[in-house]
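Here it is, the structure in full.
When the chains are written out, they are named A, B, C and D in that same order, and each has its own residue count from 1.
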Amino acid sequence: MTNLFLLQLLNGMQFGILLFLIAAGLTLVFGIMDFVNLAHGVIYMVGAYLAVTFSQVTGSYGLGLLLTLPATLMVGLVLEILVFRKLYDRPHLDQVLATFGLVMIISEAVEMIWGSAPLSVEIPQFLSGSVPLIGPLRYPVFRLVVIGAGLLTALGLWLVITRTRIGMRLRAGAANRNMIAALGVDIRSLFTIIFAFGAMLAGFAGAMVAPILTVDPGMGESVLILAFVVIVIGGIGSVKGAFAAAILVGLVDTLGRSFGPILLRAIMDPSAASQAGRVLAPMLVYILMAIILALRPAGLFGAKS
Amino acid sequence: MRIIPTRAWAATALFTAFAILPFLADALDDSYLVVIATRIIAYAIAALALDLILGYGGLVSFGHAAYLGIGAYSVAILSRAGITDLGLHLAAAIAGAAIFATITGAISLRTKGIYFIMITLAFAQMGYFFFVSLSAYGGDDGVTLAQRSTLFGQPVLESDRALYYTAFALLLGLYLLAVAITRSRFGRVLTGTRENPVRMRAIGFSPFRYQLTAFVISGCMAAVAGVMLANQTNYVSPAFMDWHRSGELVVMVVFGGVGNLLGAVAGATVALLLEEWLSILTEHWPLLFGVILVMVVLYSRDGLSGLFRRRT
Amino acid sequence: MSLLEVRNLRKAYGALKVTDDLDLTVEEGEIHAIIGPNGAGKSTLIAQLSGESLSDGGSVRFADAEMMGMAMHRRVRAGISRSFQITSILPGFTALENVATAVQARTGSSFRFFSPVDQENRLNDQALEALDRVGIADRAFFRAGSLSHGEKRQLELAIALATRPRLLLLDEPLAGTSGQEAERLVEVMHSLRGQVTLVLIEHDMAAVFSLADRVSVLVYGQIIATGPPDIIRADPKVRQAYLGEESAGAGDVAD
Amino acid sequence: MTHSRKLLAALVATTMLTGPAAAQDQETLKIGLIFTLSGPAAVLGEMGRDGFLLAAEQIGDIGGLNTEIIVVDDEQKPDIAANKARELVERDEVDIVVGPIFSNILGAIQKPVTDSGAILISPNAGTSNFAGADCNRNFFVTSYQNDQMHEVMGAYAQEQGYDNVFLLAPNYQAGKDSLAGFKNSYSGGFAGEIFTQLGQLDYSAELAQIAAMQPDAVFAFMPGGMGVNLVKQYRQAGLDTIPFLSAFTVDESTLPAQQDAALGFFAGSNWAPDTDTPESKTFVAAYEEKYGKVPATYAMQAFDAANLIDGAIREAGGVQDKDALIAALETAPFTSVRGDFSFGPNHYPIQDFYLTKVVQREDGQFATSIVKKIFDDYADNYVSDCDMG
């Protein structure tokens, strides 16, 4: 039982890191540009599909992954120039709607290009399989790779934002757009770069999860809301917050699913417990979010209003 | 101020069109027209409800489909218990929505902006998953309604036309109510808070009470739409509460022009007809719909009626 | 008993003490100006007195009632009203509606859903009166957002007056107004003497010294001197504060 | 299309894609297909549609009548489906509606279609209520009763003598029905029973529990993308020593994504692409030729539905006499691709069920393959509750 608990703890962390990986680009765009991008999920999906195609063409997942990065960067650039650029000064409502429209467009386009059947990509031989953990418990190698990628992304973002010149500008931009304009920084091209970079992060996440998750036209949507939950809980604009929130959501979700019913059984009879468990489990993440926002209306690490 | 007569004209024209539609359907020998119009009216009620808080209160609720679900499940649950009266269905829907809106609104209104959008979405998702797990009512398979609600014990609503006119009467009543609210003292406080909450506090208002009240009124109105929708489809399922549905309601309001109650009605009509029409043109209709939506957001801030007004 | 008694009022942003054990007394009916160099904490003080921002400690007694911890809208109802340094109006409303909304706040319940508010003559009459008093009655039916800057300042004063305050906190009411508009506003403030107690933050020293019954000098979150204008003008501490901190303003004070 | 209809179409822009007006004196057959053709689950709807259209193309004039087929998308939204169904029967006045894929859509369209007097043939969804108490004369199913696919696996687990099976299904109605179906024919013990979230991405927590418990076998019901996620992760977690029994989790709609991760996994089915009948071989060859994919049961059942309609109309001599048509349909006057096929009194099929296994064919494609027959001429458990009066 203790072993299992530790393993589930690990699984929870792992799921959290996966969520962070997916939400990272959104954190950047949302946090720094105060821009609500519902299309983040579909860009992530495009990343996964491109990874599949590039892997098939090149015959190598690694090459496919590498090609996906500039490709999604381009997707981000095109979208920024065509649509997003016109929306920065608009209210959140307009941003939500325009990107809702983009979700429809891109989802349908993906279905037209790649079809609606799920696709897959091969994991390189040396990354497949699993390593023994404790007793009969094993851990998939590729999961370790995903964890590594998530941690690297977190570290990289943190370094870029706190330790580099462009990061300083970003933070200044987040704090005060007029000021940064006054400093002579071309905020427009800065935003274009951030947005394209955010799209690339989304594409990277899509390509990273393609070997373990289904690549189908619904994949973007299924993570979109979770990604938003993560950055809203974390507090908008905070990479640290997003990371903490992702881990928290991962843990609450995983531990709640595996140990919630056991806890419930301690306080009520088994059939009522399993019924209650089934009702509560899918709501856990949302309950968590509601509680956190009720107590801290700007999220865990958000600026206090 | 000079717009009001025009709008009164437009309202009269639109509602007259709705009123004579069944006769048109007769003349064209197309009874399905009444069916789809009933659905349009149900959504128009929901869009109207959303516009009250979104357009006038500045509160972007991305979870209003939850109230459609509450209204629809009120019909399903009461019917299962043998209670079929429409009045009681409406009362239960309104009561249920009021409770849900009071609790979730009190929490949500502590937040602002994007946090508000997301927390209303979160609460709607909770409602969605609650009904998905509710085995007694079919879970996500939903419940087929054996019959529609009754009026005074009579199954008059089984006639599509009677259902249509009932829905129409509710729409008209709620529209007039919403117009009255926006012009009332309460409406002025609500709009003022959207314009400048700090200013409102500085003249002695506590925005929270007014926003919460508006949120509850809006939720109750949307639940009425849910009751009509359940009767129109004879079927209730959690799919009514899907987050996409919430998004579509916002789209309807925006199509009609935010803060324009008649526009909300027109927006619902246009959005549904557009969806219907595009889906006939091509099976890839979401792509076209998405393009239109992006265009409207980018280039017409007053929605479709804005385009219209500019031309006249 | 004084109308407003502030004792040991404190507020800090991190290590920065913006309001530092501040004491202030305002008598009923007087026009009390608060001057001080930029960054002295004048606007913060107004925010604390009006309840817009919370204080870390101390006491604010108004008409014998403790205001600490009371929300802004409640203080308004108790009789403290304010204007903002940066114009704060309801831009989408007409000027008349702006003021009528303020009248509405103190007359009767606003949980009325059915009767049209724009036909409530009582609200409109009082609102028009307030607009007339500040001199923009002819702008009543214009969208507030479309008024000139000076007219917006006048409107803001009308809104504040329409709440019928006993104490009116004015945060740089003349900022950005033209000579004529400023004159009009000063005239209005003069006319309020004896009817409404005014606490006035203003950089226009000519206006301050012509209007104020008493002047307090705020430096680094503390009141360093309070007294009639002539005394303050001659106070060496004040000269020191201004000369040391803001040589540009020194000329005004030294006159 | 009459003149007024055209006028209306222009007026409200909601016309259907109907062909040129058929001469009034010649009897025509109108069939409406309602499938999920957009969104994540569109792959199943497309298979159903393609299967039906393939048969229609082979047959030519279905039932010897001038045939018009109208295809609509239910968007997997029940209320939209209900309206589209009404549009088919009221505006387009179709004689027969074929569809849908999903049970909740069936719940929404069954009443409006059958109330109108039209005939509804479901090529996939077969819920228990319509098999039992709510059965309807105008409603036929060419697939199975939903529980049966799960019962197949239960019976197989029973036969293998398992006593420690771990159950896994999403937390929604079909998931609950699935586990109930499994338990109908399995009386051994359980290592655990987990309801996962609908649309869950990551199954590490569940897989960890399975690894810790080391059950005799796992039974999973994970349709669509969930199945792809689970199967890939199951394999990657190194659990492939534990037999994987499933329903709707590994089939030709998901195998292109699961590929060798699913090799050797078991499923229950009423058919597989290698079913050894001449009709099946022709069907699979024609389908693969036309659409470039291996067909799943969804396609086969829709293909059968078209042939059923054809046979019944020929026997009844037209579609005008609905009573005669229903009587003809009841006799199932066609040769099913899957072999033995007849209707029970509730209009649900009586057929054989098989254990299937995922294999890689010689051409490299992944497909399910029949291992052995589990049930012979098997009827569902609800038929006794059905009284059509």
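Heads up, the rule we're going with is that contacts are C-beta pairs under 8 Å (C-beta built on N, C-alpha and C of every residue); 3 or more make two chains touch, one makes a residue touch a chain.
A quick note: this is a predicted structure, and the numbers were derived from the prediction, not measured.
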{"item": "Most remote chain, CA-based centroid, reference being subunit A", "value": "C"}
{"item": "Chain pair with the higher count of C-beta pairs in contact (B-D, A-D)", "value": "A-D"}
{"item": "Euclidean distance of C-alpha centroids - subunit B vs subunit D, Å", "value": "35"}
{"item": "CA centroid of subunit C to CA centroid of subunit D, Å", "value": "74"}
{"item": "Whole-Å gap separating subunit A and subunit B, where each centre is the average of the chain's CA atoms", "value": "32"}
{"item": "In subunit B, residues with contacts to at least two other chains", "value": "129, 132-133, 135, 284, 286"}
{"item": "Shared-contact residues (touching 2 or more other chains) in subunit D", "value": "38, 171, 198"}
{"item": "Multi-chain contact residues (two or more partners), subunit A", "value": "108, 111, 278, 282"}
{"item": "Chain contact topology (line, ring, star, complete or other)", "value": "other"}
{"item": "Full enumeration of touching chain pairs", "value": "A-B, A-D, B-C, B-D"}
{"item": "Contact footprint of subunit C on subunit B as seen in their complex", "value": "1, 180-181, 183-189, 191-192, 195-196, 198-206, 210, 213"}
{"item": "Contact set on subunit B toward subunit A in their complex", "value": "54, 60, 62, 107, 110-115, 117-119, 121-123, 125-126, 129-130, 132-135, 243, 247, 250-251, 254, 258, 284, 286-287, 289-294, 297-298, 301"}
{"item": "Subunit B partner contacts - residues on subunit A that touch it in the complex", "value": "30, 36, 83, 86-87, 90, 92-94, 96-98, 100-105, 107-109, 111-112, 225, 228-229, 232, 236, 275, 278-279, 282-283, 286-287, 289-290, 293-294, 297-299, 305"}
{"item": "Subunit D-touching residues of subunit A, taken from the complex the two chains share", "value": "3-4, 7-8, 11-12, 14-15, 18, 108, 111, 115-120, 122-123, 128-130, 135-143, 211-219, 221-223, 254, 257-258, 278, 281-282"}
{"item": "Contact set on subunit D toward subunit A in their complex", "value": "38-43, 46, 171, 194-199, 201-202, 204-206, 208-209, 211-212, 214, 224-226, 228-229, 232-233, 236-239, 253-254, 256-259, 261, 293"}
